[in-house]
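Submitted below is the structure of interest, expressed as structure tokens.
So that you can tell them apart, the chains are marked A, B, C and D in the order they are listed, and the count of residues begins at 1 in each.
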Amino acid sequence: MKALVYHGPGAKAWEDVPEPKIEQATDVIVKMDTTTICGTDLHILKGDVATVAAGRILGHEGVGTITEVGSAVSDLNIGDQVILSCISACGHCEFCKHGVYSHCLGTEGASGIGWIFGHLIDGTQAEYVRVPYAETSVYKLPAGVSPQLGTLLSDILPTGHEIGVQYGQIKAGDVVAVIGTGPVGLAAIATAGLYGPSRVIAIDLDANRVEQARKFGATDGVLSSDPDWKEQVLALTDGLGVDVAIEAVGIPATFTMCVDIVRPAGHVANVGVHGKPVELALQDLWISNIVISMGLVNTNTLGTLLKLVAQGKIPAEYFISHTFALDNILDAYDVFGRAAETKALKVMINA
Amino acid sequence: MKALVYHGPGAKAWEDVPEPKIEQATDVIVKMDTTTICGTDLHILKGDVATVAAGRILGHEGVGTITEVGSAVSDLNIGDQVILSCISACGHCEFCKHGVYSHCLGTEGASGIGWIFGHLIDGTQAEYVRVPYAETSVYKLPAGVSPQLGTLLSDILPTGHEIGVQYGQIKAGDVVAVIGTGPVGLAAIATAGLYGPSRVIAIDLDANRVEQARKFGATDGVLSSDPDWKEQVLALTDGLGVDVAIEAVGIPATFTMCVDIVRPAGHVANVGVHGKPVELALQDLWISNIVISMGLVNTNTLGTLLKLVAQGKIPAEYFISHTFALDNILDAYDVFGRAAETKALKVMINA
Amino acid sequence: MKALVYHGPGAKAWEDVPEPKIEQATDVIVKMDTTTICGTDLHILKGDVATVAAGRILGHEGVGTITEVGSAVSDLNIGDQVILSCISACGHCEFCKHGVYSHCLGTEGASGIGWIFGHLIDGTQAEYVRVPYAETSVYKLPAGVSPQLGTLLSDILPTGHEIGVQYGQIKAGDVVAVIGTGPVGLAAIATAGLYGPSRVIAIDLDANRVEQARKFGATDGVLSSDPDWKEQVLALTDGLGVDVAIEAVGIPATFTMCVDIVRPAGHVANVGVHGKPVELALQDLWISNIVISMGLVNTNTLGTLLKLVAQGKIPAEYFISHTFALDNILDAYDVFGRAAETKALKVMINA
Amino acid sequence: MKALVYHGPGAKAWEDVPEPKIEQATDVIVKMDTTTICGTDLHILKGDVATVAAGRILGHEGVGTITEVGSAVSDLNIGDQVILSCISACGHCEFCKHGVYSHCLGTEGASGIGWIFGHLIDGTQAEYVRVPYAETSVYKLPAGVSPQLGTLLSDILPTGHEIGVQYGQIKAGDVVAVIGTGPVGLAAIATAGLYGPSRVIAIDLDANRVEQARKFGATDGVLSSDPDWKEQVLALTDGLGVDVAIEAVGIPATFTMCVDIVRPAGHVANVGVHGKPVELALQDLWISNIVISMGLVNTNTLGTLLKLVAQGKIPAEYFISHTFALDNILDAYDVFGRAAETKALKVMINA
């Protein structure tokens, strides 16, 4: 079969590889119907993720159809169309029992990390993929939800929802600021509405992106390049700061911006993937009663979000900016890699 | 009357000052029965707290007897013996309505801070004190609880409980580490038991203090001067780290120790008062699903803790290391200021 | 001044009475701008509420302008336009400290009930009203919110929200059923959307009311007169029942309907005012892991809902079905008393 | 092998039956080391549980050693000594994903009930037992915990903890009443201490049992046969009622007692197995802001309780009143069936 293979920093190829086989009784094999590219895939290609070995098939998102089931799989059948979670959860380790699938200790995720697709095992940017722990890691695609919308539930929507909105503890009436309106920031905005905020403020350097965020549910927008951006944000509150600030960029400056605009007893939820340490001004903050959270998605709300997408309660369709055929995945990488220019959000890659 | 007056960095005196008077309809005047000294008072005397003006009477803890009530006070009467909260809460501002008394916006705490005694208004190290917002800021001392035990409820027990234990979200079965076993660390240890942890590990540089922590409820102790202190802590867990790490020192090194021993999905609760920024290794931590909290006590659990002290459910009596007469308050300062040598925890000063 | 006075079962009059005066330092006097009638007022007039004495001015909802303030009132001023909560909260009793204003033990609500307006003290269907515990019981009307919309925040919206939606613990993705689509049922529907349900099913005997509920946010409707109403409800779930069933009628039959359609681990939230006991089938239910809640509104979310109404996040305007001048309040009673016929929801009565 | 077989109402035998075999890839076979008898087993023998067919091996509690593992079992090995949960959880159905194992929809629990041992499949009062869904339904016995203590974690301790204490939402400082001090009431008392109550009041008809409850953590006792029992209970509160009332008998009278002593905003947690409906006085209660819960244990806290038992944090050893050899299981039934006379709590039956 064909697959997108990582060949070390800067190198990838759409090439022939052997088809995957059932290895464990709890596996299924899935023929991919739709996959997509994540910002993390670009990081891997730059060589930023040392744990990805050359030869690895990339990708951790997508919807496919089951073609083979392991002997212990009872509730999934050949022909079922399923959403693959980006997190593989054994379902019975200490972390999985508490819903912390992100740190599954299952034998295939020996390092204590649930993200293994396109990382520690072969991923979803391929014609077929082996899916471990299938019954605890896939969701049947309901009638009325397209494989493209389903693909948004593999990672991006749960990440914005769980790490941004839920860890940020948004509650009814809150004023929420989201700094960074790329796909994951927009996913936080799109799912924040499920918790009844009075305002959701989109903050970005790019005026077009700030404006675009309104489609996803932002009620207000602030340009972070404005010298008085902070005053603009505070003016949208009662003057005391936002209840929840969500960091969706991944650099020290935007993290500090979040800390600067949050009110006493507020929450800073970090969603961004950082490459450097940040300085936390504890000499001022120790007295401020704020909470700072961070983490990798558990996808333990995938099923909930799926029900909401099926009922049209999340503006998910706007995430799909481009569509490609699977054979043209290299074009998809090109477009997604130049997102600032192409305005790519999620590029759908259909078999 | 006599009071302990701050006269600028390094200078204090036990001297004659005018008696306080009712200023607002919601005030009461209290004759102090017992007061104590807080580490914060020492900071003020060093000049570390710029918002304290020379001439201020210090102190924010204690139990006293009401001698006068304002015209709007209906449920408190002359002769009532009451515990004074270190936080003055107007009871009706945006923060008070949500229990965030620490950031009360009441007119006397114009800066948005509920700690005003011995800070922005005259405090409790005096024969009499004016108590603003009395009905929302004092608690009647029940029969069977001494003024000395009651004094522990003004600040130290609620601080350890709210900022350490509650913000740390200790739950049944958790393994908890408390770094720093001074009074506030011990208050966290003493109240952690209310949440059913399986282990409470006391960590300190001083072997005597680690040992002493067992009286307060610690189940295990680790000397942070041991080169393998971290391995010792992890060995008391399932190897994956503690569920909750409480910082009760206030320096970057101990904050970082907390981050280093907490497991994925765990909590770091900062209680220490910091003077410098800390470096947060977000490049590693963004994926770790931890929560970091901090803040000033709300004393919104003072009533709850009082019920528990009255029932003997908190080992509070061990906090009282020394007792002085009010006229000898300068001796009390001397002993408390040399705590490492005198082994002072809370020094009780009785009228 | 003029006021609507209860003269015993079946008897009321719009008549001259003395103007109210400040009695406590924490009181304010308010000139009513808008008031309304609650179903409870009709119950009182029938003689169903024995604790209401003849001679009492009725009414517990409305918006007015402060004309006088007590000596302890610091943050409210003459001329402030305020929403009156239907619950008078002293702000410092054991219940108020925990947000349970419904059971305030304040001296004027000596019976341990926070609802005293038009019940134990004179109410709001008058030209002026004395408001006890003003600073903890009124909210300033913000610019852009009309007194009519503000009046909806005195009781009906907080009741649907707190006793229906919050006690029902609606969470993202839930399927919610509301049985009874009178004003309080509609208030539950209108505020359920703040918690991200996937479906909100309106259930009523009246097809017009079921249809009308869609304006308030219902996604589906079922006629309870249909013999297969239960099957229709279950068909809108995964077959296992609804997550949350809200009772908003107040008779045994509708309470039992709620219990019959809720899934294991679901919630039944009773909002209806009942006059008879219900039979609870514990012989079947003990194993069902359901939670049943009930209660009187605390209005502790009044401020939150006000922010949301101000931002247009709650479809509040549809509640206002009729408008009267204060002098015509008897006509308003007539129309509201024949709601089935007049289709009255909330009748606004403006000074 | 030998097993205790149900032969219809009133009839049981310790007799030879075929040994169980692996049926599903996720099964294990366990040789029982210790088992026990539950009140439910007595109900079954009376014919009260219609879903138990004649020929069924009884028992749903115990500790045993794995002798065989299914092909999909990766983390359990032959020779592992394990605690069997009374609930068999598939780990991936809609209910299991949310921790509601009690209503597992797994294929063997087709009726939507997680309790299948000694009910819908053969149970643990036997030399060997087949354990379905092993990896999500058993817990390895740690060093230092005896099989007898481990057996208490199969059902009785989690039931008291989850359905009594957790559903009752006991929080620090609460006054808790437990009505009925049989094994499950004692399990609620023994685990209530994990949540920091200020008082735990044991209420029973039997003075010896009330006294005995103190060993398990009760701070006070009241005889329900005293005419003023209710006044005695209220006198142990501030006069307003208990925060949490736990029903652990299973008859209408004790349920009503709970409702009668709970304060506004309090919780009634029903743990008792009821055979008749109860009358709920909604005409009085609709205004009382109470919460009523009920349900079957999920055993989702088994692991947590196991850690606490291992650390000596739960007074579990007092539950073991008698010990028998497996071959004498009929004697054990005799003693347990006359508990009032024999003072039996949990009778341990060792292989």
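Quick notes
Following the convention adopted for this analysis, contacts are C-beta pairs under 8 Å (C-beta built on N, C-alpha and C of every residue); 3 or more make two chains touch, one makes a residue touch a chain.
Please read all numbers here as calculations on a predicted model, not as lab measurements.
Listed by label, the chains touching chain A and chain B alike are C, D. The interface with the greater count of contacting C-beta pairs, when B-D is set against C-D, is C-D.
A separation of 41 Å divides the Cα centre of chain C from that of chain D.
Looking at chain D, one finds that residues 94, 303 touch two or more other chains.
Across the complex, chain B meets chain A through its residues 94-95, 98, 100, 102-103, 112-113, 167, 238, 240, 250, 252, 255, 264-265, 270, 272-283, 285-296, 298.
Residues 172-173, 193-196, 198-199, 219, 301, 303-305, 307-308, 310-311, 313 of chain D are the ones that touch chain B when the two sit in their complex. Within the complex formed with chain B, the chain C residues making contact are 24-26, 70-72, 74-75, 90-94, 97, 99, 107, 135-136, 300, 303.
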